[in-house]
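Below, each structure is written out as structure tokens.
Same chain, two partners: subunit A is paired with subunit B first, then with subunit C.
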Partner chain A sequence: MTASLDKGISVLKEMIDAPIASYFSSCVHCGLCAEACLFYTETGDPKYTPIHKLEPLRRVYKQEYTLLGRIGKMLGLSKPVSDAELEEWKPLVYDSCTMCGRCSLVCPVGNDIVYMVRKLREGMAISGHAPEGLIGASTRAVEIGSPMGVKLPAVQAQMRHVKADTGIDIPLDAVGAEYMVLMSSMEIINFPEYLGAIAKIMKQAGKSWTLCSEAFEATNSGIQIGVSDIAKVLVQRIVDGAERLKVKTVISPECGHAYTALRWEGPNLVGQPYPFEVLHILEVLDGFRTQGLLKTQGFEEARLTFHDPCQLVRRGGVFDQPRNLLKMVAKDFVEMDDTGKMNWCCGGGGGVSAIEEAVPLRLEAFKVKKTQLEKTGAKTLVTACANCRIVIEEGMEHYKMSIPVVGVTETLAKHLVEGE
Partner chain B sequence: MNDHDAPIHEKNSHEFPIHETLGDSLAQQGISRRAFLKFCTAMASLMALPPGTATAIAEALVKAKRPSVIWLSFQECTGCTESLTRSYSPTLENMIFNMISLDYHHTLQAASGYGAEKSREDAMKNFFGKYLLVVDGSIPMNNGGVYSTIAGRTNLDLLHEVAKGAAAIIAVGTCASFGGIPNAKPNPTGAVAVSDIIKDKPIINISGCPPIPAVITGVLAHYLTFGGLPELDDLGRPKSFYGETIHDRCYRRPFYDQGKFAKTFDDEGARNGWCLFELGCKGPVTHNACATTKWNGGTSFPIESGHGCLGCSEPHFWDAGSFYSALSMPASPLKYVAGAAVAGAAAGVAVSIGNRIKKGTAKSAHQKATIEDLEK
Partner chain C sequence: MDADLFLTWVRSTGLNIAIGIFVLGTLWRLVEIYSLGRKRDLAVPRHRSGASGLHTMFRRSVPPPGMFKRSATSYVAGYVFHIGLFIIVFLFAQHIKLLQELTGLSWPGLPTQFIDATAVVTLATMLLVLAERINKPVKRFLSTFGDYAGWALTFLPVLTGYLASRHLLLPYTAMLALHILSVELLLAFLPFTKLIHVFTLWGSRWYNGNANGHKGVPV
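This part shows the complex of A and B:
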């Protein structure tokens, strides 16, 4: 079986639902979404207007589900969506959309544009118009278990490093633990400090936790490329693992889309409610804070600012938690302009960071983050998403900036009162 | 009839400086700039102008020469003036009198007799072509207009004379705008509106029985700021205030949409605050700002007090049947509408079923996607 236009169009017909019909019919073409999109503001090219990125989906909706559109199609007044058109739209639907959701937020008629991009990607992928980078990541995720090809031995190696550093044993496959901790491959490979930080914090909080040998990877390439069937396979792994270990709570790591995939899309993908709770690590840590389980000492002296990962703050509502936590350990915490739910994306969300041909555009779009950052005068940037972190690091390297980027969890762990 | 040559009050009250700017006048009255800006912002929002206009209004108003205003009261009840002088909102109506130089107004002026008429004539002479004429009340036409006279002259005569030099005419109240109650059947005096008589001047109708005070303030502020009249609807009323119906903006509208109606004034529906449509509310056909601007310093408006709208800002409201019978629906067009609605609904259902089948077919044709499906 191979990808084909017919299959793609059929999937789009399947995807178009009542929300999409109402979104397309209520769009007033005001163009406000353009100003909300970093790819438009940084390039000034109107083709990056978010609603325009949905043109193929809109045409399928019109031709298949509206009376006038059907008559037009019958009379040959409107051409059906073609392979060439989808290929032309590929850079718009993938390279220049991080699914950050800023456009959805500003739409005056309440159109959830990201929701539609997500659905359009389903048709794009099945008709063979997904970027190579994302196909590769999805293939590795399904076949190897992680989009970056990380296998269990790599995780076990990190567990040994943590043990050597901190003296703490990392529990693996501990049945009946309260928390099951997931990681993103980026954390396993690039930011091993995350695992060590979790180990220290869990120890101080006195909580039982575990990693799972079959489900350590939290990210979900299926969501990014837009293939629900693959996304479901990946979510199911985590559900199976959590059920086997009988954990109460699954902790989504410092990663944006993993949280969206697991917490918001997951139950719909597997078709039933989870027998466990899903929380982002920041929600868990802030919970510990309110229960008085976190004891810290000392402060970060340098000026800190926080980059809100889009999927956390805008699509997930996690806003106060990182601020509560950072205020425990930061003397000089400053907010960026447009902070919180109106924060600008790092430019690499929604799978964009995995698309090689999108790099020049992504670096162009990074200018907005650069401006935001420079204005704060911050000496350290804290965030809560490994993908944001790597994308921002790359962007800063390109623009010759040198501000260290760290995660919330590790920053907090650095200040834990030892030995309690 | 009149003896205007009588040498009484030869150099009378017009010694006071009517050319002063509004800024000077406000400063003299001890009105702070802050209070003034607040007023300008309120005006801008009332007139649905962009927020930035408030500053423009402020700048224009401060510099504006207070225009001379002549106010003529014809066949009326003085309710319009009562409305204007009884406002609790942030001294809006005080400000009117600071914004303009009110040179002639029966009810409010201190002078009487020849002195009063002279003051009008002076203003007409000194500001010919520049003064604003405000009219409240209708003009009787039957029998040469004898039914209403002032200083022995008919309203018709006076209107023609004063209108000649007016920059614009503001018809305040439903009587001046559309004839109002004097015009109600059988209309013994032959009462007509200002616009029925004067054809060569810009006329703005501020209808209502009485009209909302803020509306006239708004129109004056607009005139002073932009030097012209605001955009008007087909009945000559400012769109910013009369653009929508009472019904459109009524807080009881959700009950109308749900079909919840009070049937009498003391039934459960009335106590629950349901829609007063069946009790004769004329809100759906009445264009005015009562539901948003409200009355008595924003306290309430008639529907909020439990009574339907009378439709007082619309022409012939007095002759539109009982205030307490529900708005009637035209019979035969309704049948077509009903027929069309049924046909439309059927087509809608058919299209919807078709769409559902199409989506269903696409769904059942769904083959589970694997990674092999992604490569072309």
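This part shows the complex of A and C:
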């Protein structure tokens, strides 16, 4: 056994808890989880059945934590998990799982399958079986400060552009501001409209806010690749920044997994609850709406539909806010089939969009989104995750569709009452 | 062995051994699983009605939106044979009598003709379930020896029970003895096969519902 495999197996042993033991003991191999997974439904290949992706973890559980398994191991009847097996499972644990969690919603015995995928990735990564794309992103996140290699000057350039466009100064490192706004690299590079929209909305709402020079990046490759140590470093940066600036609330951007990382995993990674509140931007905006701080005029004429980012909705609990907000500015808002917590993933979550070798499979899996979209007849697709957005844009380009994809925040900002 | 002697053995020694393995084995498995515990979630919970472990324990018995039409046979057959097994095991007068001897508790049963009809439906449904396991690519791909063994361990008691009740194939005494033996095999193997799901699924549903309920997602 190599040293790295040894480490991987001990991490997996550490990961196994009562829920995992209960889940593996309950599985009756009914295969219904396959019907919930876009990688199975769009390819028809049984190897993409979610519970099958967990086979190495199940074997470790059985061999280490069950009486019969331990006896079998002592007598040499069971084969230990090997490097070759983990390498074989790499495409199943990473390329074909976006950690969307749809399988966890349908399993009749109640298994939270995605919870186990998250844990299995910890063992895969530490034993050297994570995809190159995610290793690169995680390294850049730790060393440079962003998975895409974005540094503070790029943010400052955005700040200047927003100032030029809107005349609004973007506060940086303003101690005592109410809100600290985070962004994803994708928003800094590809979707600059986000920052401009925030500036306009905050001005109208009369709220104090700031960016933080040490913690502007919200995304967390650590939870995607499955290295809690990295995830912790990235969350800690934000915690330190927020504490230094003494903000009341940290706003997670239009990004799905950043919300999961910061809102749900973060306190567990750093080992204690935060001294500040974490809200997704949609929660903040919906709060402004209910307080009457968000005044809009005019409507989008085109038919709109909303793509629920998995980590925000199914895995995050933010359901109603985007709908409440879009109804303020949309005349013709339609839901997709399988909407809300049952929505289908764009195919690029959980780090999949960073894995180059997974592109053909991801485009194949995108067919489910394509079908959903076409059925609505929508002329514009709104979402609240920059990663979903870019993945959907790539998917549509591949299938020669031309529906613009926009964010909720910028859509609202377009309709703000001028001069308020 | 003489059929009467065989029946006497399965009714005394055999039954004691089987119940002993079943009770101790199940307790062992449950302790083995649930004593592992889990870490407390330090994230501030979001409260939303309907999002909790208890809700999921019940809600998960109903197909989630969109799932029924994707796998109608799995759901219909699943309901039919589980409900069938429940009726046969707990609402057949002879079984109630036995359970009364063991536990002191008693409740009214259903007419034998109804139980017989239920057994036929259950057997037919279980054959359909087996055919699906063999024919559906995903189910076949996932299936191991344990899945087929679990199926056989469940099917045989129903089959032998029906044959004994209708006095078919073998003399009553011999068939009854086989029936009791098949139940004893089921009891003895249950804790160590996937059949343990009859107990653990409640824990699994609770954990899933509780963890997602923490985030305000009713699953």
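Details
The rule is short, and it goes like this: the second predicted complex is superposed on the first by the 417 of 420 C-alpha atoms of A that agree within 3 Å, B and C clash if a C-alpha of one lies under 4 Å from a C-alpha of the other, contacts with A are read in each partner's own complex, and residues count from 1 in each chain.
Quick note on the criterion: a contact is a pair of C-beta atoms (placed from the backbone, for glycine too) under 8 Å apart; a residue touches a chain by one contact, two chains touch by 3 or more.
Remember, predicted model here, so these are calculated numbers, not experimental data.
When both complexes are superposed on subunit A, subunit B and subunit C clash. Once chain A of one complex is fitted onto chain A of the other, the partner contacts of A:35 are limited to subunit C, with no touch recorded for subunit B.
Using the contact criterion defined above for the overlaid structures, shared-chain residue A:111 touches subunit C, although it does not reach subunit B. In the superposition on chain A, no contact is made by A:88 with either subunit B or subunit C.
In the superposed model, A:16 makes contact with both subunit B and subunit C. Set against each other, subunit B and subunit C touch different numbers of residues in subunit A, with C touching more.
Of the two partner chains placed by the overlay, subunit B and subunit C both lie in contact with A:67.
In the superposition on chain A, A:128 contacts subunit B only, with no contact to subunit C.
Once the two complexes are laid over each other on the shared chain, residue contacts for A:142 go to subunit B alone; subunit C is not touched. Contacts of A:230 after superposition on the shared chain: subunit B is touched, whereas subunit C is not. When the two structures are aligned on the shared chain, A:26 is found in touch with subunit C, with no touch to subunit B. Shared interface residues of subunit A, touching subunit B in one complex and subunit C in the other, are 16-17, 65, 67.
By the touch criterion stated above, subunit C contacts subunit A in their complex at residues 28-29, 32-39, 41-44, 46, 48, 51, 56-57, 60-61, 63-67, 70-71, 74, 78, 136-144, 147, 150, 192, 194, 196-197, 200-201, 203-209, 211-212, 215-219.
Those residues of subunit A whose C-beta lies close enough to touch subunit B in the complex are 1-4, 7, 10-11, 13-14, 16-17, 64-65, 67, 125-126, 128, 130, 135, 138-139, 142-143, 225, 227-230. Residues of subunit B that touch subunit A in their complex: 347, 351, 355, 358-359, 361-363, 365-376. Residue ranges on subunit A touching subunit C, taken from their complex, read 16-23, 25-32, 34-36, 40, 44, 46-47, 49, 51-52, 65-68, 104-112, 115, 263-268, 271-273, 277, 314-317, 337-338, 341-342.
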